[in-house]
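For reference, the structure I am asking about is given below.
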């Protein structure tokens, strides 16, 4: 019974992999595109460029020119506007909130989130409209081992589902949603024990089906995958850190407010954290603690948790952080460069440098100004939202 | 230097002695902005304010050059924690929100948001949920905090109010005349019913009957409200509800205040003609903060800030409040993100200072920085490169209650 | 002449060095605390007058009379003060975690009005045999009950997973003050907590692996009995296997049979105590009787097989407890009987009596006729012995942790007040 | 007195004694000799004597002259303190509240169980007067009554039939304080109208109609309103249940508006409104929890508040309560000791369980201290009152020894020497 259900669940994912392989999106060879006249926040070494322009060819940034004109290129003039790299959302359930939960088991390590992605859903529009071009699609928190996350370039056309990493992280959850009355585990310690067991027994069973179901865990054991651990309150984060040190692994923690009680440990262990989006109505101390983390040099990144959260949550969080004595660039990095680095895709996205993807957002004014609106969003050189 | 002197300034009651704040840029919501003015404070009141005023001998001087002063904010509607339960009856106009005010509460978070006084409102989930009061979130506990006892009466025409709970009337004591009855359904469950009930209550003539006494009790406050024309805050969001509210006010000669008013922009002319003030509810969800952001699905009623900006520009008396109670600490943000519609700073700040004070008739004490008013002053500081100035100190009745390092 | 020339310079240097010395002195000895108290109850029965206690780096350097206190040591003096070791709750029922689940309860006073109450969710109901559970990492050091505990003189507690399984898990001995559970720990993996009787049968909702199974095995004492024995019998059959081939559970059970880890058996009624004795004869493990409300019926057996008892709460007003035993009065008297018999015993609190009332429980026992010495021992030294941490805490002796309480008078008089609390040599004021 | 035992006159005295022998048996007078008498109001009397006649104290003093026919009882090794007074107890019945939120017409008289465990326990710990009140869960809970802790039927034990009306202004989970106050006002206004109507009809009710006539014989209207009407007429006061500090303010405003006297039963958090209470000189009864741990909203540190001390420093006289459910608040005398540990002086602490509660209940003409003309309710201890080791040996209510430690069967079981081998 369970196996069949699982098969049913697996086929679409395979199909979509094939689609992705056949029609690799964003690779269209065309004439060059020159983005001109804007103030460019390249989150890279070049810093902020005034009066520079981007030369885009084949979806990549070919060149960042100091001058303003370039022969044989279609010119788009954004003079007086601001440009930042496309936002990177490091933890989201976008377009598949109900498809991203497999209720039959607690440990479902073979599921790949990519299969649940639906390019036609309105949430994708929302995300693109808010400037999010890269998203890490994650299984939900209800399962102890939810499955494998996939890092996508968002785009609205069904054939062009294009992923940076098909298998990004292994989603593990110590959150309260795991501990339900109608199934094991019913407590946090039980969850940890169960996880340890499944990691120990990984690959011991002979049955091929079993082995296939455990592939995520196996990859984790081999070190091919890194864990992405959802833990909100003190005990959960403490358990997560203990688990990581037990298995000598580096990982990423998706944490809430209580993350700030572990600043020393995080600093030592070089564990980067993803923060749920800031809202207004948060007490000031939270913003202050977040900025203190950044000052320590710990990489933090804000996530949108769509559709639980909202797409503009990223920009709001950066805005509030900026309001709290953080320099604007640093605040912007928490939604562009740092998430890219945490996801390990900084070679492709996250900043505007030569050779990287041409993902960028054009603002009418300063990016973190209440009155400035998004004029255009480009994903790998193509205008995806206006 | 001045900052140090500020931090050193005592946090003590200032009775008897005079204080002077010198050199600050003052946004008095009464006249135009004073670039470098002086405020004299005595006994928690503003003794004098102006461009060039001589500081008397022995006055303790606060050097505030480089600072921006605003009057303390007034939240036009606040529940002090989203406690939604009032009463079982769907209309209980005799219940007063002052009864659930916590005189000993800790209001430091409200101060951090610049809120020094609020209109303590009654919830939205009953047809007539009761009378509200204007209170100050001050430091001296007790009766001194109450500014105006019965400031307004709230009526809700929104759909939360249209499904009152089943009510049980306890017979006391049980007898043949009044036996134990099962729980009964209550009025109203439709907008029509609400309309009928309200009309019935407002022009109610005493009659003999078993419910007469009760009905008299209930309708007494309404009569009072009509005679002394209290502002009647009517919660109405959709256009239809607003129309209904206007008609009701017309018939019953009520001095109407529209609360919510998401779609009130369609009625601008009428509102202007009858000068009916509006307490506009602003949606502070991330997607609505930034212009042009879409969010799916689009809810009903349409809470697009554009509508509210139309109201603001039309010159109607408008007060702003967040749609959700938890955002009440961000009143300043709420005003500021209407900048994009080209409204001046003072216009916007007025919507959370003097306008609500006018609506609830307490402008003689709070709402602006004028001679004789309470010395509720916010000290802002503008840092270069930041989008907005930041609140650093809060002064209530001449004493500094909140300071940010 | 030469002298005269030489003198002033020498003098100045001398004074300078002296001054330096004075300046340095407090800096050198800042990690040393000296306490002068009117009376010192060492916990092991000794009583000293005008005692001096030196604490260095959180450990007790010296405890006794007339000791040369080094210069510059910061001395705390309590002329009438009485110093005792920090109290130890040999079994504590605390809300130490945000890992809670909501249950609807009612208050006794107006008992038609239900209200939602949060209880710690520390029961792993995956199986009835989960001895490998350990709650160290589901402890939040900032939770209120810890603050409540040390403010009321309890400096050390024993915490274990909940009571709804037969083998619940191993316990942890924690200080009640610290930055993180790791550095609060005195000793981890102390004693496997076992619950006998009705609780595991009735209390638990049942582990539901596959959705078909709605109830679980133990429905009554027999089921509990079989589960308890099954685990140990299975291991006995594997006796020739080496440790490497056993899973962590079985390793723990092996340690139990070898006597390295002792069981702590929660047996509320005399029936369960009886069966506990039976198991002891069958398997020959060491065990400790927890919440031994009916312990007074087995005084001789407990004495002969030297089984320690953890007892509490002493105060049981009528109608408050739903125990299946006939008389509350004997219960109140159990500590006295145990002391008379010379059985090792310690106090505990439970869900209905707050940890801040642990001292009051002892006072009540004293009021009923328990002598103060054994009451204090039960709170400190014997508790530490039962938990197997007497090498670190429990008495005021050289080399032990600086956990001390300083009372304004006799600790067993309710009108004397707790002045200071020391945990690991850190002086804290409980009255703030 | 020495001359009495002069050997030469011995025969005369023998004759006199023989003649007078029957008289003591007839006489009502008792003379209690004690090592130490805490009168409660006139300080402490060393080697004092109390003279009792018809259950009242006739005389008290160091050498109150003992009439020749007095039945002398010798406690010359023991200490005597006034009988303790518990100002507000929610025990002694099966259920605390009606489910109906507005039941002013009920009375604990109809629900009281004289032989309830809690009551015997109170007697055992030296409480002689106890004010039984309905619970906190209803808005208008009904009327309480003051009882002696001894007596077979309610009439025996009764001291004051209607001690006060229980009003709870606190918001419930179902209803905020706003709704509660509205309902209260409504009820009180209706009652006022009813009273006016009554006066018009010139048929004011007889003084103790409520106690005497059974409910069924009266009109439902009078049943509904009489209880509150009596409150407004000033026949008895109200007992406000105030868990939070601002409840006190609201309750005080309410009682002012309708002009009736009130007592405030405080929650532990109410230390915040101590200034208000001191200013308005309110009669207050403290929560059994004398030590209150509060969590700061911003700095999430726990803060310890010794409530009794706060009130004592403000110069407020309060009554202490006990809660036999918990070990640390189990008896009134224990609470007094706790108060001492909080920093309240011993003599004041003793006042707060004897005379002050009596004053609050307005029975200080009868009980609360040992004075001429008061009821002879006192407790005989073997040690100083605020010593843990002190045992309650005898309890006297109206001159009768109603409790004797020797004869206490339950206590015998509790500290049974037999089963201790």
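Residue numbering begins at 1 within each chain, and the chains themselves are lettered A, B, C and D in the order written.
The working rule: contacts are C-beta pairs under 8 Å (C-beta built on N, C-alpha and C of every residue); 3 or more make two chains touch, one makes a residue touch a chain.
This structure is a prediction, so every number in the text was calculated from the model and none was measured.
Centroid to centroid, with C-alpha atoms defining each point, chain B and chain C lie 53 Å apart. Here the CA centre of chain B is 48 Å from the CA centre of chain D. Work out the mean CA point of chain C and of chain D, and you get 40 Å between them. In chain D, the positions touching at least two other chains are 173. Among the residues of chain A, none is found touching two or more other chains. Annotation for chain C: residues 142 touch two or more other chains. With chains as nodes and touching pairs as edges, the resulting graph is a single ring in which every chain has exactly two contacts.
Going by the touch rule set out above, the chain pairs that meet are A-B, A-C, B-D, C-D. Of all residues in chain D, those touching chain B in their complex are 100-103, 105, 171, 173-183, 185-186, 189-190, 193, 215, 220, 223-224, 244-246, 249-250, 272-273, 275-276, 297-298.
Residues 97-99, 101, 121-127, 130, 132-135, 137-140, 142, 161, 169, 180-181, 205, 207-209, 211 of chain C touch chain A in their complex. The touching residues of chain A, when paired with chain B in their complex, are 122-123, 125-126, 129-130, 277, 279-281, 283-284, 309-313, 315-316, 319, 322-323, 327-328, 366, 368-374. The part of chain C that touches chain D in the complex is made up of residues 108-113, 115, 142, 144, 147-148, 151, 296, 299, 313-315, 317-320, 327, 329-330, 332-333, 336-337, 340-341, 353-354, 356-357, 360-361, 363-364, 366-369, 412-417, 430-432. Looking at the complex, you find that chain D touches chain C at residues 90, 95-97, 99, 117, 121, 135-137, 172-173, 291, 293, 295, 300-304, 306, 324-328, 330, 334, 337-338, 340-343, 346, 386-389, 410, 413-416, 419-421.
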